[in-house]
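First chain A sits with chain B, and in the next complex the same chain sits with chain C.
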Partner chain A sequence: MAKYNAMTQEWLDAWKEKIATSKEYREIAKNWEGSVSMIVNPDPEKGIPEPIYLFMDFWHGDVLEIALCDKAKAESAKFVMSGDYARWKQVAKKEVDSTKALMQGKLKLKGDLTYIVRNIKTVNKVIDLLCEIEAIWPDEA
Partner chain B sequence: MAYDRDLSFVYFGPTKIVFGAGTARDVDMEMAGLGCRRALVVTDPGVMKAGLVEGVLKALGDRCVGVWSDVPQDTGVGIVNRAAAFAREKGADCVVSVGGGSVIDTGKGICILLTEGGGLENFEGIQLLTRPQTPHIVIPTTAGTGSEVTCMAVILDERKGQKILIVEYFNTPRIAILDPKMTEKLPPLLTVSTGMDAMTHAVEALQSVQREPIADGLAMQAIRLLHRDLPVCAENGADLAARGQTQLAATMAGWAFGNAMVGLVHAMAHSLGAIARVPHGIANGILLPHVMAFNLDDAAEGYAMVAEALGVRERGMDEREAAEAAITAIRSFLERIGHPLRLSEVGVTDEDIAKSAALSLSDGAIVNNPRPVLDEEEVIAVYRAAF
Partner chain C sequence: MANGYAGRFLRVDLTDGLCSPFTVEEDRLRKFIGGSSLGAKLFLDGYPLDADPLAPESPLMVMTGPMVGSGFPGTSRFAVCAKSPLTGIWGESACGGTFGPELKKAGYDGIVITGRAEKPVVLSIVEGEAKLIDASGLWGRDIYETTDLLKEADKGAKALVIGPAGENLVRFAAIGNDKGHFVGRTGLGAVMGAKRLKAISVRGEGKLAKADEARFRELHREAVQQIKDSALAGSLHAMGSDANMDIGMINGDVPVKNWSVGEDFDLSSALSGPTLSETYLTRAHACAHCPVACKRVVRVPDGPFQTEEGPGPEYETCATFGTMIMNRDLAGVIKANEICNRLGMDTISCGAAIAWAMELFEKGTLTVKETDGLDLAWGNMESVLALLPRIARREGFGDLLAQGSLAAARKIGGNAVDAVVHVKGLDLPMHDPRGFHGMGLAYMMSNRGACHLQHAVLATEQGMASWPQLFPMKDDYKGTTSEGKAELVFHSENYGILGNSLSICHYLTDCLKPETIRDAFNAITGFGLDFDGLMACGARDWTLKRGINNLLGVTEKDDVLPKRIMTPLAEGAGAGSVPDVEKLKREYYALRGLDERGFPREEKLRELGLDDLRERLY
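Here is the complex of A and B:
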C-alpha cells in the first residue's frame, strides 16, 4: 500500500478517495449535513512550523471536499475542531478516542455536540477510514 | 479491580471545598482569599423566599454589588446574557451562586461573559477557552447536581429551542461551600430526588466507558454515604449531620461523573425532562434500576462495586451475582426512601416515551454508556420497563 506524507494534500486526497468509495460510509452518513474543519496547532520541534487548516465538507453520504485551507475558511465550518499536532496524530493512529479527547480537553470543539453524538457512527467511520491510510508523519520522516 | 493495562485518563477537580454547618457565613473571607472585592450574588425566587440568601448577603456586606434572582427552573442564554450585563454594570469581579443546578449553571455562564464579553450563544462547545474565567463561589442549596465541582453547564438557547452544552476546564468553580444548613429545609421529595440524582451520578460513573480509579473511589464513597444518610434526611430533614454527609456525597459523585461521565440513565432523563417536564432527579431515580438491568452484561464489574458500596455483595458471589444484587438493592432503596417507582406515576405518556427515545439518541451522555445504544427501539423498551 502506498504511503502518504501526513498533513499534505495527497494524504487528504487519499482519505477523500477512501470515503468516496466506501459503501458503508455512504449508508451510515446519509443524514449528515455540513462542514468540519480541523486546526492543527503549530509545533516547530515536530516539523509543524505554522498552523495547518483542513476543511472537509460532507452532504448526505457524499464527500464534497477535503482540502488544506486558510484560517478564515477553517473558522467558517459548522464544526471547528482544534488541537495540538501530537493529539491529532494520536487520533489518526487510533491511539485515543476522539470523543474522549474532546471531553478531556485534549481537543477543542466549537459547535453543537449533540449533532456529533447523534451522528457518532459517521464521525467514527470517517476516522476509521483515515486510520487505514499508511502515513509518514512530519516528526517521523 | 481490572482496568485496561494501557489505561490513560485525565482527572480534573480543582475546586476548594469548605464544609460545615454555618460555613456559608465564611463566604466573605473565602472571597477575599481569591482577591475579589465585588460579588454578584445569583439565586432564584424559591431560594430567596426560603430565606437562604439573607445570611450570605449579611456576611458579604458591601462586598455584594448586586443580586440577580431572576433564574427559572431551566436557565437560558437570554437570562445569562441579561444577568452578565447587570454584573458588568455593577462592576462585579466574582460570582457567588446560591441555589441548585439551574442557578449554578447561570453563574457559570455569567463568569464566562464577564471575562470574555459577548453573548453566551457564542460559547457553545468544548474546551474553547484559553484562560481562567471570573472566580465563582458556589453555595449549593440541594445535595444532588454536583455542579459545584464540574466544568460543565447546560443552558437553554431560547431561540433554537435547544439546550447548549458548555464544557470548560477554565470555568470550574473555584470554591464550593457545603453548609448543611442550606439544605435543612428541603422537603422530603426534593431531598430524595436530588439525592437519587447524586446516586445516579455515582453509579453511572462506575459503569462508564471512561471509568478510572480516582473517579471509582469517589463514586464508591458517595454511594456508601447516600445509602446510609439519604433515608435519614428523608425522615428528619433537620438532622444536619446526615444532611452534611449527603452534601459531601453529591460533591464526590460530581467529581466522579465530571471526569468519568454519565450514561444512558442521564440521556433518558434529560429527554424526559425536555419532553414531559419530569424533574431530573425523579427521572434518574425511576430509570436507574431499569438501565442497570439493560447494561448488566456490559457493566457487571462496575455494578459489583456498587453492590460492595451498598453492602450487598456477599461472600462467594461472582461478579454477575453481585451486579444483580446491586440492582435489587437500588430498587429496595428507592422504596425505602419513598421515591416514585414508575414513570406512569409522574405523568409520562406513551407519546412522551416515543419522543423521548428519539431525543435520547442525540444526548451527549449516551456515548459513555457501557452497552452501545444505537437503536431507538432499545431505549423505548427500557422506558416501557420503567413505565
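Here is the complex of A and C:
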C-alpha cells in the first residue's frame, strides 16, 4: 500500500478517495450535513512550524471537499476541531479515540455537540477511514 | 470546630422523640472526611451490625461533607447510609439537589436516626432547632405532593421525602429531594419508612467558615473556567447524562433486552440524549451551585404518556425503562420516570425487576395468571405503567417485585435466578461489563453491590477523564480486555470514593482538574492534604466498608459476576468478550491487601489506621 506524507494534500486526497468509495460511509452518513475543519496547533520540534488548517465538507453521504486551507476558511466551518499535533497523530493512528480526546479536553470542538453525538457513527467512520491510510508523519520523516 | 464543617451532628431517636446534637473529633474528620465514609465509621462504632435493616435500632444516616455549602461547583451532594434492606449489607446512596447545603446552613453536618415513631412524623430542623412534627396527613401521599405541602408550610425549607414505596417498605424504595433528585440505590427509602419518618425538612442561614477564603474564591473562578472549557460539561448540559446512549450503544456499554442482546441502534436513537433534547426537553436544571446543569426538565404535551412539566429521566432510566425492556417510546420512559419519582422507587432496580419479569413472561415461566392479568410482553408500556403503583403498594404480583428481583426470583425458583443480573443483591446499573471489563471488576468489588458511582471507573475506562497526575494511566483503554484493569479500578475507586466523602458530584470530578479540587478542599478545611493523603482516604473508606461487609458475612465467594454477564453476547462492541474474573480478582486482591477469604489483611488495616476494625475482624 502506498504511503503518504501526513498533513499534505496528497494524504487528504487519499482520505477523500477512501470516503468517496466507502459504501458503508455513504449509508451511515446519509443524514450528515455540513463542514468540519481540523486545526493542528504548531509544534516546531515535531516539524510543524505553523498551524495547519484542513477543511472538509460532507453532504448526505457525499464527500464534497477535503483540502488544506487558510485560517479564515477553517474557522468558517460548521464544526471546528483543534488540538496539538501529537494528539491528531494519535487519533489518526487509532491510538486514541477522537471522542475520548474531545471529552478529556485534548481536542477542542466549536459547534453543536448534540449534532456530533447524534451522528457519532459518521464521525467514527470518517476517522476509521483515515486510520486505514499509511502515513509518514512529519516528526518521523 | 474544623473549617468547612458545621461543627455538630444531630442524633434523633424516633422512639423516644429525642433530638440531641453531638460532635465528632477533628482527627476522625481528617481520617474519614465526611459523606458515607464518616457514616460507615459511625455505623461501625456505635450500632448493632446484625440488626435487621428495618429494625428500630438500625440507624439511618444523612451525611454531608466539608465542601458542601461552600458554593464550589458540584458540592451540593449528601449521602444517605444504612444497612440495606435490599442486599443485607452496607447500603448507601448519594444525591444532589438542595438538601445538603441547606442542612449545613441549618447547623448540622449530618443526622443519625434510630428508633421508630409511633405515628408518622416529619423531622424539622430550622436554624439548628430540631423537632418532630406529626405527619399523619402526609402519610400515603406521593413525593411531589408531599414536597409541595412541605413547601407551603415553610417556603424556604428543603426536604427529603419518601413516597408510598418507602412507607410500604419496598426493598428498592428511594428518597426524593425537590422532586428531581433521588437517593435511589439500595432501598434506603424503606429504612425511612420503617422508622415512620415521612420527611426531613431543613432550613437555615448559617455560613460556612473556610480556612482561606481568598484562595477559595480564586479556585472557584478556576473551576468555573474549567467547566466552560470542558466538552464533557458541555455535553452534559446539552444532553444530560443520556448523552451516553448513542455513544454507549456503539461502544458496547448499553444493555438491551435484560442484557441478552448486544446492540440495537434503532432503540438507542429513539431514546438518546439528542432525541430527548429535540422532543420533550423544556429546559436544563441544576443542583445547587452547579454551572453544568445536567438535569432535564421535560413535558409530554399529549398522547397516552402525557406528562406535566417536571424532572426528566437520566441515562440509567432511559436504559432500564427503554433498552432493557425493549420500549422505543421516549414518552413512555418519561411517564415511568415520573411515576417512580412520585411513588419513590429506584428506577434502576425497579426497571431491572420489570425486565427480569418480561424475560420470564416471554419464556412462559410467568403468565397472566401470575401477573394479575398484565401482559408483560417486551415493550408493553401500558402494562409497565399499571404495574408501578402495584409495586409501590405491594399489591399482588407487584408485591413479588417489591422484594427486589433476586428475592422474587428465589421465590419462583428454577432458572428464574439466572435471569437476575446483580452483584451482592444489587441490580447492575446500565453499563455492560462485557464491553468494559474494568466495570465488571468494579461491580464485583463495590461495597454496596453492583455500582457505577462508588468509583470513577466509568470515566477512566471509557475515556471521559484522564488523571495521569494521580496514578499511572494509559491514553486510551480498550474496553474488552482485562489487562491492566485491576490497577485502573483500584486507583479509580480511591479517587471516586474520595469524591463521595468530599461530597462533590462525579461529573465535576470528571470535568475539573484534581489539583483544583484538592486545593479547594484544602482552602476550605485547611487540612493541607496532598494527593497521596487524599487517595489514602479513598482507600481507607473502601477497606472500612469492606470490613463492615465482612462482619455482615461477605466473603470472596460474593465477589462474582452474574451468569448473564459471563455469557458472551453475539453482537455489538462487546461481542464474544467476558471479563477474566479470576485474573482481575487476583490482581485486585493483591492491590487491596485482601486475603484468600476476601478479608483485609491485618497489616493493611494497620497501614490505613483502621485498628478498631482490625480488632473486630481478627
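Simple rule for what comes next: the second predicted complex is superposed on the first by the 141 of 141 C-alpha atoms of A that agree within 3 Å, B and C clash if a C-alpha of one lies under 4 Å from a C-alpha of the other, contacts with A are read in each partner's own complex, and residues count from 1 in each chain.
In the analysis below, contacts are C-beta pairs under 8 Å (C-beta built on N, C-alpha and C of every residue); 3 or more make two chains touch, one makes a residue touch a chain.
Predicted model only: the values in this text are computed from it and were never measured.
Enquirer: Assess the superposed three-chain arrangement around chain A: do chain B and chain C clash, or do they fit?
Expert: clash
Enquirer: Just checking: does A:Asn41 make contact with chain B only, chain C only, both, or neither of them? Give me first, second, both or neither.
Expert: neither
Enquirer: After superposition on the shared chain, which partner residues are touched by A:Gln9: those of chain B (first), chain C (second), both, or neither?
Expert: Touch status of A:Gln9: no partner.
Enquirer: Under the stated touch criterion, which partner chain does A:Gln104 make contact with: chain B (first), chain C (second), both, or neither?
Expert: The answer is both, since A:Gln104 touches chain B and chain C.
Enquirer: Have a look at 20-28, 38-46, 362-370 or 506-514 and say which bit of chain C overlaps chain B after the superposition.
Expert: After superposing on chain A, the clashing stretch of chain C is 506-514.
Enquirer: Identify the overlap between the chain B-contacting and the chain C-contacting residues of chain A.
Expert: In the superposed arrangement, which is not itself an observed complex, chain A uses residues 96, 99-100, 102-106, 108-109, 113-115, 117-118, 120-121 for both chain B and chain C.
Enquirer: Once bound in the complex, which stretches of chain B touch chain A?
Expert: Per the stated touch rule, the residues are 8-10, 12, 124-128, 162, 164-165, 167, 169, 210, 261, 361-364, 366-367, 374.
Enquirer: Would you pull the chain A residues touching chain C in the complex into a rising list?
Expert: Residues in contact with chain C: 90, 95-97, 99-100, 102-106, 108-109, 113-115, 117-118, 120-121, 124.
Enquirer: For chain A, which residues are in contact with chain B within the complex?
Expert: It comes out as residues 96, 99-100, 102-115, 117-118, 120-121.
Enquirer: With touch defined as at the start, can you tell me which chain C residues reach chain A in the complex?
Expert: Residue list for chain C touching chain A: 229-232, 234-235, 238-239, 243, 246-247, 250, 265, 272-274, 277, 462-466, 475-476.
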